[in-house]
Each structure stands twice: as structure tokens, then as C-alpha cells.
Amino acid sequence: MITVGIVGGTGYTGVELLRLLAQHTEVQIVAITSRGDAGTAVASMFPSLRGRLKLKFEDPASANLRACDVVFFATPNGIAMEQAPALLAAGVRVIDLAADFRISNVAEWSQWYGMQHASPEWVAKAVYGLPEYDRAAIRNAHLVANPGCYPTAVQLGFMPLLEAGLVELDHLVADVKSGVSGAGRKAEIPALFSEAADNFKAYAVPGHRHLPEIRQGLSRIAGGPVGLTFVPHLTPMIRGIHATLYARIKRAADFQALFEERYRREPFVDVLPPGSHPDTRSVRAANICRIAVHRPQGGDVVVVLAVIDNLVKGAAGQAVQNLNIMFGLPEGEGLRQLAVLP
Amino acid sequence: MITVGIVGGTGYTGVELLRLLAQHTEVQIVAITSRGDAGTAVASMFPSLRGRLKLKFEDPASANLRACDVVFFATPNGIAMEQAPALLAAGVRVIDLAADFRISNVAEWSQWYGMQHASPEWVAKAVYGLPEYDRAAIRNAHLVANPGCYPTAVQLGFMPLLEAGLVELDHLVADVKSGVSGAGRKAEIPALFSEAADNFKAYAVPGHRHLPEIRQGLSRIAGGPVGLTFVPHLTPMIRGIHATLYARIKRAADFQALFEERYRREPFVDVLPPGSHPDTRSVRAANICRIAVHRPQGGDVVVVLAVIDNLVKGAAGQAVQNLNIMFGLPEGEGLRQLAVLP
Amino acid sequence: MITVGIVGGTGYTGVELLRLLAQHTEVQIVAITSRGDAGTAVASMFPSLRGRLKLKFEDPASANLRACDVVFFATPNGIAMEQAPALLAAGVRVIDLAADFRISNVAEWSQWYGMQHASPEWVAKAVYGLPEYDRAAIRNAHLVANPGCYPTAVQLGFMPLLEAGLVELDHLVADVKSGVSGAGRKAEIPALFSEAADNFKAYAVPGHRHLPEIRQGLSRIAGGPVGLTFVPHLTPMIRGIHATLYARIKRAADFQALFEERYRREPFVDVLPPGSHPDTRSVRAANICRIAVHRPQGGDVVVVLAVIDNLVKGAAGQAVQNLNIMFGLPEGEGLRQLAVLP
Amino acid sequence: MITVGIVGGTGYTGVELLRLLAQHTEVQIVAITSRGDAGTAVASMFPSLRGRLKLKFEDPASANLRACDVVFFATPNGIAMEQAPALLAAGVRVIDLAADFRISNVAEWSQWYGMQHASPEWVAKAVYGLPEYDRAAIRNAHLVANPGCYPTAVQLGFMPLLEAGLVELDHLVADVKSGVSGAGRKAEIPALFSEAADNFKAYAVPGHRHLPEIRQGLSRIAGGPVGLTFVPHLTPMIRGIHATLYARIKRAADFQALFEERYRREPFVDVLPPGSHPDTRSVRAANICRIAVHRPQGGDVVVVLAVIDNLVKGAAGQAVQNLNIMFGLPEGEGLRQLAVLP
């Protein structure tokens, strides 16, 4: 059994990690920390876990995380960069679900996240954890930077086109829609039911923190700089991300075949038949990305539709997938739940 | 492996049965029928099943259901009573998710369901499939009448009180709220998003078809006739039933202890701590009933709150639980998924 | 023109008051206060008001509320009892949308609201503002205690039965469901979209603050003490209250005729035809209560279904109705908007 | 008083037209037709209208529409082209809310709508009814083709940029999201609550019927052909359209000033301050389009966000606005209701 610790388990990625790990046969959760809720039984905060998880939240100061094989950080940005280095030094492997180690350019990171980086040396050593692109590096990684939810959907959607060099790189458009759980379990007015229900809006059009992460990811896939307009939107559903991606065709090809071939052996990317429109509920609560590719009216624009559950393939599920790769387990272990529909 | 057939798999209880059975290690689905969609791949209608279920819908006329160990009917009312007897005669065991065999009094059934009963002799032989009350009889049953969604929640909520004889029987009130999936996957205007969203209403106050089923169930538990007012409501969520039950106290007792004791060994009933309010999402997509019992203001009324997922413990999950009991499998096989929260 | 001030306009009852008053031809809003948002244009916080309301929030200390004919308090509980007396002393009439002046028994109020009452003498002078029962007293009132949302629906639903003495008074049941806006515009986790959407729950079963208000209201209508079980629920919609009311029949009567006669001349209560089920959207954004009365299965229980928009007839609309009565305006002035459906 | 008839009043645009016209002081609805529901009181189908509208649906054959000053067609596509010409010949003015007269190129219309056009001569005489562009022509029009919901939002959003010639015309992108009421009040499975709630999807990416209408509209504004990729999406809300528009900048300018100037005198277009993100609820139930314009990261792409209520400014409200223009009434008559928020 692989022993697992979780730092910061009271948010939505935390409880989702618990849901998945509690159904994983090869791991044992030995500690979960929360500064504010130390002493509280996890299942009393999240009744969905009653009868299946006996743990209590522990104070971070006293939890014996160094005895774990691997520790997940499901914390706000800026925590892992402070606390992970000591664990890493003690030989514990770390998967950070926050953004601390995702951006190679530390100065750029500081600018977008509004703080100095506490551990630039580990930024250089961290492996970006998108299994469909980084699988080999993840296997031996000590520190995995688990991708953001928007970046996962956008990179998986554009990847085959960029790798094959078929589209213009200077004017990519990613119009992406997220469920409200992406905003986290934080008491803030814009995320109230009465604000977000029966409503739709774009936000952060001048610049969203996932922009540099996506741009970095697309650039390394394309092998050169990309021009990207990224507009995130809030849509009144709990889970789900729908990326609608637009690129101008540089060289026509059989896009359907390209996508199918690229993802043929990927267990968690599903290319739909021609003419399809994936809906977010087809991946609800499941660790999978479903993709369709279109060339509307036979024109010179290719449109890709990619959906994920932001809390699973966009966060906790991908983190478990990375754990499986890091420890040589079957990649699907703990991740075989089917989507919940309706 | 137990071989399973499904008659009528295009509705919500059908797709939920597929989701659960596809994750069940001891069964193999060998046939699924649909008159209207014969030839269609199941996964093309329900993309959530892509990659996990290869079956196509077959025409009921040609499907070899007699070779199955057990056949589920996930059909509209009135189908199973026509088709199940031939299968039963051939030694196939049957679990009917519709209402055909739930009401012992055939005349009463005919009145509420508006048709003559085609198989009254099998009504007499059928076993009502509420495991928490009927487990022993289910083991050897050939034909199980799987309880309705409202009746499951109301019976589990009232059961300890009625068995112990602690409440007045003449004025029970069951005020129950259901998600819209309870109305089925039928193209009808009242179930449209634009009709049902951001809206709440009671319906069928003069008399709902589940009334005789609930009354019959409560009467056999209480050992005598009960007076029941049952008001169902439609609430703007997909899944979930919340029963709010009111009874006048005849003899005071430690209701909390009573409920905990009654359900101590039940794997799929969870009694919450005193003062709790179960929410439907704590059972979303999981085969469990969570219950809380209150005595507001220390008065002479006991209030029970019981929640289930109408498609799981209220339909397909309970049907799988019955299958497990019928075939001597561990009762939780295929039913261990945790609730999806948020 | 009647000059109006609003204390505390940043919550949902505040913005709803603004929506209604901005469409009222006989009033002029001259001041609106907010401690935290002084200086902010109201329309920049609530873009729905852009182009129609020029006001800025003012600091309560500097706003000239004494020059108003009437001041609304749309504040948390405990503010009006501190600030209203000075205005009243200056001859300003006051309508309090909070609970400060609703409960005659000051000790009971203190117990439920957890604070000492700052102005018990004004509690005695306040008029409870349910127009259908208190119209005459409202006309000359200096201080109107605008009823709570739950209390409005429950009192209007039970009123004809209690006035006519047709039901047993000792075991009334009010099972009431509210949209999430009833929780106010406060940053609290349980009101987050990801917590409240696709979910249903009861809350405060041991005792909700509206219980004493409802009990007091029903008692004065019935002319004696009543026994009431009140269970509020949270339902995933923005606006709307649905009260399902149960009473044992003491003396049978033509309940339909009784309700129609009682409310025949009420402009804002609509009794539906026999067999109806009002839905909350039929009153969405409108100042009206729609009611249906049933006697299920011809039994000895009467069931009343009453719906209101909690922000309109349950708060701001009723407050404007009270203003109209107080100042001798047509009672429907500013309140003639039709419900928004779908 | 202007006498008004409505053909086909049982859909969502129909009931919205009734809501608005019932609050309009200068018109009288004298007839409303429905083949299937003749004889039914309108208010019994739509209880939101109870007490405010006495009309019954009439059979189209017997309704005296020729006596009306103006007739609205709120019918499925293909009805107005059959029935409007006789009314027009009798001197009745007609506003068609369907698509029959929107596309000048009759052959193109036939291809997209899958039927022969019954009245090509009236296509040539019809005036497209986008007041912000066509006001002068609308004044004297006999037949107004009321724009579609998507086309209204997209044209208003792109209009200032195209008129000023500031953007590349060959690769415009319109990524547009609609509430489910846009699908109409039709009993179809994809519009069921349990299908559309908590879900998000694109649809009709290969080609949506509004594509030729939008392309035609943008081309006449731009004064030449445009290349457009249009992707509509279904979002789980009842009302609202959010258009996210992307264009490559040909010549930089002060876009904010451009938009403000263009719409300064438009009563129903509201340009938000720089940096804003309009949400659909800010126009819920109101006849207004709110717009924000962005130039993300100071790059070479301009992003416009435009929101409308699809049933109001995208259908019934715009139709009433056109009526006001046609009959010389104040343009805002009957359209001054404020948006309902929350």
C-alpha cells in the first residue's frame, strides 16, 4: 500500500481527492491536514464520505507527513512552495494541485500570482503533470505540478493540431466555460447561488491567471511562441469545463483521423465520432476528456470542442492519474467510475 | 458470472442500471432491448458509457432473454406483467422496476394504473423488494417488485417508528420532494428545463399512484391500517428525493437510539447524528438512504428527514441490491461508489 | 411626490425595493445608505438599475433621512430598533423589513434573536403589516413591521380556515420550501452555488426564527393558541416560497368557496380553481400570493398550497404595498408588473 | 388604442409578447389564435397572466385578424409566409417573429429552412427589424421581419467595429451561449430539465440556421462580405444570450469611445464602463442589450461581450419596440420594466 497525505482537504479539490482515493485499492490515506478544522472528522464536514473514511483533519504542525510516500497539496496558491521543499528533502514525493510549480518563468509567475516565489529551485525541477504529454517525465518525478483545469482542457484540445503543425499559431482563440465549483469552496458573493444561478458571464477578460500556463503549454507543444486569446466564462452548473477552440487552418488534413490517432492509446481521452458535440455531463464525476473536432462549412477554421470535469480530469482525478504513473500502478486504478448521467 | 438482460434500457432507470452493472464484477450484461432503438449502440445514446459498454439495443422480439439468469424490466408500467410470466416460466428470475407487481390488491392496482392486470397470479407470488424489510423473502424470490422511489424513502423513514408502535397511525403526513429525473426521460412539456428550472410545485395532491403502494407498505409494517396524507413535489434538481415525515407521538422514546438500533446492520441506511439535516447531494449517485430524526421544540410531533437518490436507492441501485441478495453475492457488490459532492 | 429613504440597500430586499420603487410613479427615492459602500453608485453594484437610478450609497451618518416622508429599513435584524426611534420622533414614518418589531413579546423576541431589544416601547406601537389582515391599522401606522417571507405565505394560506374555525388548532403542519435568495446576499458557504444547486435540504428543524412570528400570527387569527410544526427547506431556485399546509378538519365545508370569498376583494391574493397546483414561477417577480386548497381523497385533512416570491410579496413588494396603504395611494401603485414566466 | 392580434400564442415568445403587451398602455390585444388550444383561456395555460388577460385562444380560421391594426406572428417558421400576405393585402401591418422574411436570398432561405418559400415577393418588401440599424425603414414598414435572438446579439456587438472599418472581416468569431428557452416550448428530449440542467454543450457547429441571417446582417453593416465562424451553445439557464465576439484589429482606436458614441442615443443598448463583464441576469426580463468591449493584454484582438434576454430584446421585446416605431409611439412604451435581479 502506498501511504498518502493530503495538505488542505476542506476545499472541493480536497473532497474530490478523498472520494477518489477512498475508492482506490492501492493507497491508504494516513493524514489530512487543515489549519482551521483540526480535530473535525472529515465525514462530518462531507457527509458523502460517512462510513467510508474515518480520518480527522489534523493540524499541519503535528501531522506526520514525512512518513508518507506521497503528499498532495490541495491548498491555495503559495502554500506548497513554502512547505513542499522540506517534504521533498525528506524523500516524500509531492503532487501540487495548486499553481506554485506550473510556470517555469518565475518572474512571470510572481507577476500573475502577486507574490515572490519561495522555492524557485524546485520550479526548475518540477515536472508538469499532463500525462498525455508528460507521461515519461512523470514516472520519475519527485515533484509534479498538476495542471490547472482550463489548461488541461485547452491543451488536450489543441495538442494534435499543434503537434502536426496544421494551424496558424498567431491567433488561437480559447473560449472556455466553467462550472462554479472552479471558484472553490470559498465564501464569496459572486459564487453565491443567487448570483451565479440562471446567469452567464465572462470574467477576467483582461487577463486570467491560467493564461500564462496555457500559453506556456501550447508553446512547448507547438515548438514556438503562440498568440492566444483566452476568455473564461462562468456557467450555472456545478462541475464541468467546455472549451471551444478556434484556429485558422494552415494546411488542411483529415482532422478526425489525426485526433483519433493521437489519442488512440490514451485511456482518458475519448475522441467522439465526426459531427459530435460532447456535453459536460458525459464526463461528470469521471476522469476523462471527450473531444470533437469540426471544420464548419468546410471553411478555413477548425473548431475543437473539449469537455472535462474540472474537479476530476481538471484536478483531483488527474492528480491520482499522476500518482498511478509515479508509482507504477495501472494508470486507471481508482479512476474507473463511469460518468453520472443524468 | 451471472448473465443479465434488461428490457427497456433507454430511460433514466435503464441508463442508471447500465452504469451500476458495468461496474459490477460478478455480472455480465448480455442483452438490452428497445423497440424504438434496436440496432443503436447503447453508448451512442449515452456517451457516458463510451468505451465501457459494447452492447447495442436489440429488438425485444429477437433478444434471447431466456438464456439470462435474471432480467430487469426498466419499462413503463404494464409491460412486465405481459412479458415477465414467459421468462419466469422458463426459469429466469425477474426484477421489475415498474409498478406492475407492487400492489397486492389487483383491483386497487387496476384503478390507480388504469388498466386490467395481465398477470394477477404473479402479483400473488411476487416479493416486494425493500431489502431492509424483505431481505429473507428476496433471497428465494423468482419475481421481485422493486419499490418505487417515493415509497422507498417514506417506508425507510417511518419504519422504526411504526415497528415500535410509538406514533399515532391515523394522521401520518409525508411531504416529499423529488428531482425531475423522477418524471422519466419522456418528451413532455412540464419536464422541460424552461418549465421546471427555478420553479417549485406540488402535484397530484388529489392522489398520486405511489399513495396505495406507500399505504400498503406502511400498513404491513405497522400491522394495521394507517391514515396517510402524501403530497409529492417537483424540485429543480436532477436527482434526489427528500421526504419530510410528520407523526404525532403516542409514546415518547429515545427516537435517535431507536433509529440507530434499527439500522445498525443495514449497509445502505445511514442514521445521522442528532440535530442533523441530510441533504440530497450527500447521496447523489450512491445507493444509500440517510436519515435524521427530530422532535422539534420537545413537542408531541416527531419529524423524520430521509433522503435517497431516486435513480439509485429509489430504483436501479435497489434493483442491483436485490440481485445481489437473490444470487447470494455480497450485498454491496457494484454499489460501493461514493456520493458525488459537490 | 412622497420622499423615500432606504437604510441598507445592498442586500436582496434592498435591490428589490429599488427595482419596485424606481417603477413607482408617486415616490421619489432621495437617499439610500450603506456603511460599507458609501460613495458607490447604486447602479454600479446592481447593473440592472443602470440608466434608471442615479443615486449613490450614502454614509448613514450623513444621510438626511429625517427629511423623508418614509424610511424603509432593509437592514439585518437589530439595526432598525436602534435607529428608527429617532426618525419616528422626527415624524418620519418607518417600514421595517427586518424582524425588530414583529414579535409583541419582547422577551420571546430576545430569546430567538439573541439580543436585548433596544426599543420595546416601539414594539408595542408597531403595526404588523400584513395588508390582508391589518389594512385598517396600517393606514395610520407610524411604524410598520413588514412580515417575514415564511410568515406571509403561511398566514395567508391558513387564514380562511382559522377565521372560520374549521380546523383543529393543535397540530397544524407548515412544510415550507424557500429559494436561496431568502438567505440574503451574504458570503456564506452554505449559500454557494456549488453547495445549494442540484440539492435539497431541510434546515432549522429544531427551531427557526420565523416560528414565533408565525405562531403569533396564526394565534391572533384563530383567536387562541395554536400548535404548529414548521419545517423550512432550501430548494435550488433563486426566488420563491412554496408553503404546503396541513390541518385536520374539525368541521367540513366548501373550502374552495371559503377561500374565494375570503380573498375576493384582495388585489394581491389569487385563489386558483379547484384541483390546481400553483407553481412559484407563476408569481416570480410579482407581488402576489397564489393559493390552492385541496381535500385529498375526500379525507379529514385539508391541504393548502400557497406560493409567493419571497423578495416581493414576502418582502419588498409587501413593503411597497404597505407604503401605498399608509399614504392613501392606490394599493397597486408600482406593483402591477406581471410575473416573469418562463 | 392600437388593436393587436397574435397568431400562435402558446410558445415562449407568445407568452412573453402577452406579458409585455398587457403592460402597454397604447395597445389592446383583440385576438390570439392557436389551432390546438382554441377555446382555452390564455390565463389557464399561463397562470402568470391570471387577472390581467381575459382572452381565450381562438381558432385561426375564425379569428378576425383583418380588423387589427397590426398582427404578430409568434409561430413556427413557415406559417407567416402562408398567412401574412392576405392580412397585408387587407392593410394590416405584420411583425413576424419567425424567420420567414429575414433572409433576402430566397434560395438560401429554402436551403437552410428546408422548404419552398410561399411568398418571395413579400421577402423583397419586408423590412429587417433591428431598430438600431433599421429605424427609419421600420417606421413605414408594412411587414417587419423581427431579428433572431442570436443575430440581435451578434449584430449589436459587432456593429460599431464594422461600421468604422476597424477590424479584419475575414475571420470573425461569434461564440454564443443561449438559455434553454431559446429552444421553445416544445416537448423534445434534449430540452428536458434532466438533460439540460447542470450541463453545457455546443450544438449545430456544422451550421446553424442563424448563420446566414447573421452573415447577411454583418455584411450589410460592413458593406462587403464577411467570414464568420458561429458556434452556438446551450447553457443551463432559462433566459439569456451571451455573445463573446472576437475580431482581429486592422486599425487600432479607442474602442470604448467608439461604442459609447455609437449607442449614445439608443434607449435599449447600454455600453458598460471599461473593464466590465455584463452578466445575462442584468438584462433578465428587460428589453436591453448590455455591451462591454475589451482589448485583452493590449494585443491585436478585440473582444466584445454582449448580453440580451433572448425572449425580450431577442424576440418579443424587440417586436414591441418595432410596433412602437411603426405606429409613432414613444419607443419605450411597454418596455420600461427593469431587469429582475437576482
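As written, the chains take the letters A, B, C and D, and residue 1 is the first residue of each chain.
Criterion: a contact is a pair of C-beta atoms (placed from the backbone, for glycine too) under 8 Å apart; a residue touches a chain by one contact, two chains touch by 3 or more.
Bear in mind the structure is a predicted one, so any value in this text is a computation, not a measurement.
S.K.: Which neighbours does chain A have in common with chain B?
M.R.: Intersection of chain A and chain B contact lists gives C, D.
S.K.: What chain lies farthest away from chain B once each centre is taken as the mean of the Cα atoms?
M.R.: Most remote chain from chain B, centroid-wise, comes out as D.
S.K.: Compute the distance, rounded to whole Å, between the mean C-alpha positions of chain A and chain D.
M.R.: Each chain reduced to its C-alpha mean, chain A and chain D end up 39 Å apart.
S.K.: On a C-alpha centroid basis, what's the spacing between chain B and chain D, in Å?
M.R.: Inter-chain centre distance comes to 45 Å.
S.K.: At what distance in angstrom does the C-alpha mean of chain D lie from that of chain C?
M.R.: Roughly 36 Å separates the two chain centres.
S.K.: Do you know which chain C residues sit against two or more other chains?
M.R.: Touching at least two other chains: 12, 179, 181, 185, 194-195, 197-198, 236-239, 278-279, 281, 284, 342.
S.K.: Please give the residue numbers of chain B that touch chain A in the complex, ascending.
M.R.: Residues of chain B touching chain A: 12, 15, 19, 22-23, 44, 46-52, 181, 185, 197-198, 238-239, 270, 272-273, 278-279, 281-286, 290, 336-342.
S.K.: Give the list of chain A residues in touch with chain D in this complex.
M.R.: 171, 173, 175, 177, 179, 194-195, 197-203, 205-207, 211, 227, 229-231, 233, 235-240, 242, 244, 246, 248, 275, 277-281, 284, 292, 294, 296-297, 299-301, 303, 305, 307, 342
S.K.: Over in the complex, which chain C residues touch chain A? Could you list them?
M.R.: 12, 179-181, 183, 185-189, 191-198, 236-238
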